[in-house]
Each structure stands twice: as C-alpha cells, then as structure tokens.
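Data block below; observations after.
Naming follows writing order (A, B and C), and every chain is counted from residue 1.
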Amino acid sequence: MEKKTKKVVVLSFAITDRGYPYDTPWRKITVDAFTKCLGQTRLRVEDIECGSVAYNERTISEAALGTQVADCLGLPMKCSMTPVSHACCGGGMALYNVWHYIASGRYDVGLVMTMQCSDLFDSMEAMNPIGNHSDYDYMLGFSHVEYSYLRDYLYREKYGYDVTPSAKWSQICHKFARLTPGATEYGKDMPSYADLSAVSDEGERARSATARGSTATATILVSEEKARELGIVDPITCYVSYAFRPPYIGNHFFYAGDPSYVPFDIAEQPAIMEAAKEVYRDAKITPEDIDVALVHDLSGFEGIMSLEGLGICPIGQGGNFVLAGNTDLGGKCPTNTHGGGIAYGHTSVGSDFQINMFEGILQLQGKAYGRQVEGAKVAVAQAYGTHHSLDIVSVLKKGDL
Amino acid sequence: MSGIIAYGVSIPKYRVDANEIWDVWKNVSKEILQKMGMKERTVTGPDEDPITLGAESARRCLKQAGISEKDVDGLIFASETNPYATKAAATVLQDILGLKKTCFVTDVQNSHRSGFDAIRIAKSLIDSGTCRKVLVIAADCLNQYISPGHVYEYAAAAGSCSLLLGTEGVIAEIDDMRFASEDKPNWYRLTGERFLQLGAGFVGYISNWGLMDSLKVSWADFAKANGVAPEDYEFIALPQGTVVQSFMSSGAIKCDPYSAIPYVISESTGDMGSATVLVSLCNILDLIDDGDKKILAVGYGWGDGSAVMGLTTTPAIGSVENRPVVIPLLENKEMLPYAKVLKYEKKIDRNTKGLSSYY
Amino acid sequence: MNFDNLYGPIPKVETHNTVRAFKEKDGRYRLIGSQCADCGQIWFPRRFICPKCHNQNLQPYACAQEGEIVVSWVDNMGFPTIGYEDIDDRLIAMIRLDDGIHIIAEIAECKRVLPKGTRVQLVIRQQKRDDTGNLVYGYKFKISE
C-alpha cells in the first residue's frame, strides 16, 4: 500500500575538520559543525523547527541531551530536539527521526546533529565495552572488535576467500582517500599492496578503519515546499529505512524470531537486506539503479557483506565482485569513493553514517572532483551499530522532485 | 555406613618450574630445594580462584556420581583462601552447581585441615539423618597469597578436590575420624593482609613442630579407638605441602614411608592447601578396584592441628567409570615463565583507576 | 597498602554493578535461557516474550553445557577490553551448543585458533569485577576432556 509522505530534501551538510586539540569541549565542535552547515544556506537559526541529536556517551549520562544541544546552539525555544543513542549508526537514526518529522508534514526545516568527542573515551578501542553495554550481562567482555573478526573469519570460511578481497577493497579505499581532502589519509603515502595483503596483525590493522578523534556533523533537511520556496537548484531528496537484529551475537545465528532471518548467520546481513528492501520501495529504485554505494566498512569484509546485503551483488559473491574491480571508478558500482573507514576513521556516532551520506550528496551534485562517478543519479548510504544489531540504509536521489 | 560416593579433582593447567623461581630469587640453597622435593607447582590463571576450581571439581564429582544436582542437600566449602571475608563462597558454588535452595550450605575455614573438618561435619550431618547427600568441596589458591621472594613460593600452589558423601552407592566407607587441635601460629594471614606468613621458618624441624607434635596425638587417639597399627593400611595419604613433609609425617605415625610415597603428588603440583591430601586420596582411589582395601588419610593444618581418617573401600569402587581422574590432570600442563606467574597471581601492582586498558 | 579510598570512591564507567550482575547469575553460571512452552523454541539469553510465537509462557531452560566451535579468533590486537587486561591472548569463539543455541564465549587456557568443530565444554571463571568491586563469575569454555 502506498504510504503518503512528503519528499525530504537535503539542504546543506557539514563535518568538522579533523585535528581538534584534546581540550576541545563537545559544545565547541557542535557549534562548529552547525554554523558551518547553516552558513551554506539562506536560513537563520530561528528557522530551525525540529531536530534530533545522536551522541552515545552523553545520551547515557545526561538525560536531557536534546535540551543541552538546543541550548548550546541557541535554537528557538519551540524547536524540539530528540536525543538518540543508537551506537555507531546513531547519526543515521537522528536522520531517520528528522526525516519523519518532515515527511509527516508537521515541520518544514529540521536539523540532524551528530557528535563524538574525546571526553572519556578517546578511541574505538576504549569505547568497546560501551558498545555492548545493552547486553553486557551476557557479553562478558566482548567488543565490536571480537565480533568483527569472528564475522570476517566465518565469512571467509563459508564462502572460500583468503584476505585478498579485503586487501583489494582497502587498496581502492586508500586510493580514494588520497583524492579526498577531508580524509585522515589525505596527503600521506600510499601503502603497498604487499602491506595491505599481509596475513598478520599489522596486515589486519592496515586493512581496518583508522581513528579520527573528535568529530561532529550537521545536516539540514527541508520539505519539498520549503526547497521550492528557497529556489534550490538540483535538489537531492533522501529516503531512509532501518532494521535490527538481536543485540546478542549468538542470536544472529539462524534467528528463529523472524522467518526471513532464519537462513542467515553472521556471515550475512539480513537486517541490511530488510532495510534496503523498504527504502528501495520508498525511493522506487532497484539495486541496479544504484550508481554509487557508500557503506560502513571498518574492515574490508564488512563493506563486502554490506554490498551483498544491499543487493548490489549476490550473497557470497561480494569477494569476487571486489576482486573484479567493480567497486573502483568505472566498475559496476563504485563504492566508498571517499575512502570509507580508512579515510574517515571510526568516529562511531560522530560521522560513521554521515560521511557516507555526504559523499553520496557530493557525488550526485557532481562535486566529487577526482573521484567523481560520471552521471551519478542514485546513491545509497549505509551504516550499522553495535555489531550489526541495527542497520540504517538511506537512498539519495537527484532530480526527484 | 556413610562414606564417599564419588570424587572429582581440578588442578590448574599452568605450572611454574621451581628452578625458574630460584633463578630469580636464589633465596634457598638449591640442595634444600631438591631435598624438599619441589620440582614444579601449579599456577592459577588470571581468571581462577578457589570458587572456580571448586566448581570444576564439583561438576566432575557430580558427573561421576551420576546423580541430579537436586539430590544434593548439603554443601560445605573448605578453603583457607576464600575470596570472600564475610559471606559464604559456598553459596556462589550452590548457584553455579544449581543446587536447591533448601540445601544446607556453609564454608569451613581451618587452614590446610579445612577439608577434613568439612568431611567430619558432612559425616555427622549424614549419620544424624539431617542430610542424605553432602558435597564437600575443598579448594585453595595458596599461590595467590604468598609474597614474591618468600621461600614457600616454590611450593604454594592451587587445586581442588570434591567428595560426595552419603550412604547409598558408597565406594569408600569412612570408618572413623580423629582430630587433635591446638593454637600453634606457624602459618597465618591476618584480616586485610595480602600475604600468608610462616610463623616458624621454612626449613627443618622447627617449621614442622606443629605437624610432628599434633600428628602423634591424633594418631594415638585413632589407633587406640580403632585398635589399628600403621601396618594395617595398604594405602596412606600423608600431609605433603612439600615431599619432605610426608616423610616427617610418616615418622610421626611410625608408618613405612614407602606405603605413602607412591601416592604423593605434591612434587608436581605443589601445596594445594586443603585439597592436597584429598587429591592424594583420590589418586589412591583411582588405583583401587576391589573392596576391603584399607586407606589412611592424614591431614595437618598449620596452626590448627591434625586429622586422621580411616577408610575401607567397597566392591562398588570397581564400577566407577572414567578413571584415573588425577593422573591426566597432572599430565595436562603448560609451563609459564616467572614474570607471567607474577602477573597471573596478581602480585604486580597496577593502576586501579584507569579509564581503559590504555590509561 | 592501598590508599585508593582515602579521598572517597572513584566514579567509574557504568558497566556492571552488583545488583545487575546478581539478576542474571543463572544465565552466567549455568546457561539458563528460556524455552517457550507454546512453540518449544529455545532461547539464550533468557527472554520474557517468545519472538517466534509472541506468547509469554516462557520457562527456564538449561542450555547444553557442551558444544563445538563455529569460528574462533585470538584477541591479541593490543587493546584489551576493560577489566580483561590480565588475560593475554584471549581466544574468543562462537560456539554452537549441542541443542543448537549459539554462544559467544572465551576459551580458557587456549591461545591458538581452534578449527571448526572442536568440542568444548562449559567452565566457570572469574569475569571482570563489577563497578562496586564484587567478583563476577560467568561462563567460559574449554576444550572437552
């Protein structure tokens, strides 16, 4: 059945520069991202009607984070600001909230804020126990990292791959990272393929996401009427969907609670499939229409599994898809043209979803310069949180109004 | 008559070579080290303590007995290195094993003799009809409570032994138990202190004055009451914190040391506290297939006194499956370097206020 | 001597506390999950509603205490999880219990990757201390005897 929602247009977006000093408070990076984003528009602060903010630790420790952020940005008193704590794809959930506020027709201008600040936890490693906090009773000291390695090993074992797909993936991402001015790796030397394909701890690190430190993003979404009123040329519309898996990793295996998840274990991503199915329907596209895919790739195999989940290649074929060069420019589906996790690091809620979305917008706007996918009309951005227990998939379309 | 229905043992996998410790400290002549028969000892992993060792031996014991955990109506945990100073560790074990809530559960703490005391209490509970099946878990991690550089570091080790006592399906009947007690503070640790203290040195007769004096009294009482002599016992398990201690004990009760030496295990495990003699007893039970074999088990708790227990096997012992229990555990080992031993036994001071593993 | 408490307690990251750990002890000690009395599906960790048939008639269920390795990996990347720093080279594994339940657990006393299908059995070990300082015991596995 056709659901009646309004179209939602991305008006502007911004991510903070890397390299904040350690004494930077979270309010400072929040303000920086917001002003950078608002400055690209003709809107004023008073025009923001609603918003949502994602910030893992503060959402846990400060009950009224929405108010804290609205106050810090000087937003109007009537502006609602809902806090989200949804692990690394919290940014996607904040977008999901604001998208619905606008799609419902109640509001015309909404703000999506995300932030990750080096307060207590400086790196993804130190954050590990928090990521599993929701089910800590039974997790007994396991982290994203353990999950991610078990998952990659199982995928390799199940579908018969060595490390080369991951090495190839990271090589392409390293190349893209050198073409992306905002990337951590920008301007650095390119690692050799021998380094990237080494079967060792160093090799694993070379193939994994880097760290970035304090990061905030801001995105302003508007309704289709507001976009017309503002006279936006070539508007980018967005669609977003969400699905989850049980937070306890053991329950990822042949999960009996949902018939569509029964055939799968951690070597596949059924939540991405579910979310993708819904968002493709909303956006009226098929996987073949996707010109550029931006996926959450803290390791190469994770990105490969995401491509399979998005339907861009068949399940189990992701490794061969990558080895055939299909994720590079000129391939069937250029992927992570900003360099993904290698370029932007694992900032968790800070920007793990947003960098993917922003790169998608740049590609559709034709502003991706050296890494531009020619004639890109449809981009898909994806991120997950807490060992793939929740997945966000977003579709961005050009010329959709 | 009441007696042992089943037994289980658990010994940590890690070991340290006495020479490895000696290379670092050289605090005793190597000759004495060899004379005392200290070759290697067990080391607990960073995640092990008397409760985890006790849980493992108890599970093995219940498995050997082949009974439901709901049939156990008594649990006595015997240890001198209980992690809890106030509450009972036995209740943790009760939950781990899934025993019923109406089970009688308590701790016994009486130095190395704790295990014998627990057996005495369990036997009384059974003989009086209060309980039908009582699980005695003796477990100690002396190794975690001996300071680095202390001479007893060569011997202090960890291990556990569980015995299920009752009247049905008994494999070894307990004929009698006799005790002798006196306060002889040659081994103690005060509340709040980290490490055990030997009150009377380590080498020679002086360190074992309690052992020699006390054993004579309890043995005399036992021999008189039961009309027995040491020669009546084919198998003897003696106190064996170090191997030389079992020789001294044999002198005290005037038995042939060679009826005890084959069953001494502390050469390869070290001193496992309250579990040591009981593991040696299990080692003896492993070897017996017939009824009417006489076993003598002698326990000594430094600072507390001694215990003597006489057992007679029943024909049921021949049908116990999955034996031997002790020897495979002695053989399953991994040697550790001394630095790692110190880390695993938590003898290296660390920052307790860290935000994460890094800071 | 330890002077940690001279200036009062040290606030820590909220993870475990004694009460929270206490409530879930049966699951940690004996792998007590749930079985739906209506559809028969078994679950671990325990649940209060059956996701398969959506009834709330769930009974405690003791999961199998033996199983086999599905996939394992040695965590030696150099950033141990808070509270688990003492254990070098933790071997982490996904285990399929004999009744079909899947559990992620540490394999005690083993520091090499185990092949698929290796038989393992339940053991109880100390986990990290909770925020109030109490010892948290919980399941690990080790290679079957």
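Here is the rule we go by: contacts are C-beta pairs under 8 Å (C-beta built on N, C-alpha and C of every residue); 3 or more make two chains touch, one makes a residue touch a chain.
What you see is a predicted model; the values in this text were computed from it and never measured.
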Remotest chain, chain B as reference, centres from CA atoms: A
Selected interface, B-C versus A-C, where C-beta contact pairs are more numerous: A-C
Chain centroid nearest the full-protein CA centroid: C
Between chain B and chain A, distance of the C-alpha-averaged centres to the nearest whole Å: 58
Centre distance in Å when chain B and chain C are each reduced to the mean of their C-alpha atoms: 29
Residues within chain A bordering two or more other chains: 120, 123, 125-126
Sites on chain C at which at least two other chains make contact: 13, 79, 81-82, 127
Shared interface positions of chain B, touching two or more other chains: 355-358
Interfacial residue positions of chain B with respect to chain C in the complex: 13-14, 45-49, 51-52, 55-56, 83, 92, 95-96, 98, 328, 334, 340, 343-344, 346, 352-358
Residues of chain A that touch chain C when the two form their complex: 60, 120, 123, 125-126, 128-130, 133, 135-143, 145-147, 149-150, 153-154, 157, 201, 204-205, 246, 248-258, 265-266
Of all residues in chain C, those that touch chain A in their complex: 13-16, 20-21, 23-24, 27-28, 41, 43-45, 50-52, 70-73, 75-79, 81-84, 90, 92-94, 96, 100-106, 116, 127-128, 138-139
Residues of chain C defined as touching chain B within the complex: 2, 4, 10, 13, 25-26, 29-30, 62, 79-82, 85-88, 108-109, 123-127, 135, 137, 140, 145
